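We just call them A, B, C, D and E in the order they show up, numbering each chain from 1.
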Amino acid sequence: MIIGHVIGSVWATRKDERLNGLKLLVVKPKYSEGLDSSFVAADLASAGVGDDVLVTKGSSARTAFGKERIPIDSVIVGVIDSIDITDE
Amino acid sequence: MIIGHVIGSVWATRKDERLNGLKLLVVKPKYSEGLDSSFVAADLASAGVGDDVLVTKGSSARTAFGKERIPIDSVIVGVIDSIDITDE
Amino acid sequence: MIIGHVIGSVWATRKDERLNGLKLLVVKPKYSEGLDSSFVAADLASAGVGDDVLVTKGSSARTAFGKERIPIDSVIVGVIDSIDITDE
Amino acid sequence: MIIGHVIGSVWATRKDERLNGLKLLVVKPKYSEGLDSSFVAADLASAGVGDDVLVTKGSSARTAFGKERIPIDSVIVGVIDSIDITDE
Amino acid sequence: MIIGHVIGSVWATRKDERLNGLKLLVVKPKYSEGLDSSFVAADLASAGVGDDVLVTKGSSARTAFGKERIPIDSVIVGVIDSIDITDE
């Protein structure tokens, strides 16, 4: 999973209907510079802008949903309370 | 998902027949420089050159189609209306 | 698999319930500089901070669990005793 | 999918028997410098050295074959006739 | 697939039991500098240190085994005899 930081959101009216009702947030890997590696994740953890989040990617992201066939590859599965880095 | 920007299209006569009829667009990750990280995505959202789009990758891309066995790993699943970045 | 070095841990109260009870460790690829490429892996090998570990990613990570539908994409599957590099 | 450029081929006598009979080509992402990001793809589109090709990666690559269990992660699924980039 | 160069091996006593008996080799992408992008692959082609090898990654790596549920994401599927690059 990636430690992400939520920096914004994205709106799309014309989209795959299985994405309807999902909150689509823009996430930046927390320790990366710039927007280069930012991406969009569906939020399943009631996250908001400014939160540090746990993001699952790839086919594992789909398992967060009740159905297997949904064209989503990044999901916010948790909101991080604290990161404890002791041996960098 | 990736925030992509559609910059062109690609034509291939000789190809896997399951790709027939699909619009294949060249997409650049919106916040990347140069063509280095550009790629080709099948368009399922009536996107066009100049659009910002939502791209799903990997096995999740296949779920956008009615059939599971299709050799496609990148799909445009939405056309972006607005991107709201407030906490960069 | 990746040769990782465990550098810390992460806490998340609000998360997908299938992540409950799992130890979530912060891992840095051993031969990378900085935190840029660090990520979070579920620990299934009783690893601790300071250990070199073997990390499996992607859908293969899910096979480490008894159930297929779990939104996890990185798992520590072993604690490394020694790395023997002879032909760099 | 990736826009690749076929730069060579690779020979392996000792290999998984499911790779027997497949043409294994060395592909460089077209807009990348150097050999760093080059890789090997199984050719299913009668491609040759010098061709620009469409490459599918990951589990989607396997769907190009008649059988699901084949240890291949990159497949040439088309030969590109023209690339039209209008909004770089 | 990746063109890898086997540079060493790794030992782990405490590990997922499905990894027992597998030779775990350290592989460096052949055309990359440094150890940064090195990784560990299970050897199914009787490879050894110094060999150039063909490595399959991701879910496709699992198909090299007789069973689907094995937490491995990189497998050596062939030993390369020769690489012929003619149009760099």
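Everything below uses one rule, namely that a contact is a pair of C-beta atoms (placed from the backbone, for glycine too) under 8 Å apart; a residue touches a chain by one contact, two chains touch by 3 or more.
Computed from a predicted model, the values in this text were never measured in an experiment.
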Mutual neighbours - chains that touch chain B and chain D alike: none
Mean-CA-position distance for chain D and chain A (Å): 30
Chain C and chain E, separation of their C-alpha mean positions in angstrom: 19
Touching two or more other chains - residue numbers and ranges from chain B: 58-59, 61
Chains listed in ring sequence, where chain A comes first and chain C follows it: A, C, E, D, B
In the complex with chain A, residue positions of chain C that touch it: 5-16, 19, 24, 26, 28, 34-36, 38-41, 49-50, 58-59, 61-62, 68-74
Interface residues, chain E side, partner chain D - complex: 1-3, 29, 31-32, 44-46, 54, 56-61, 63-64, 75, 77-88
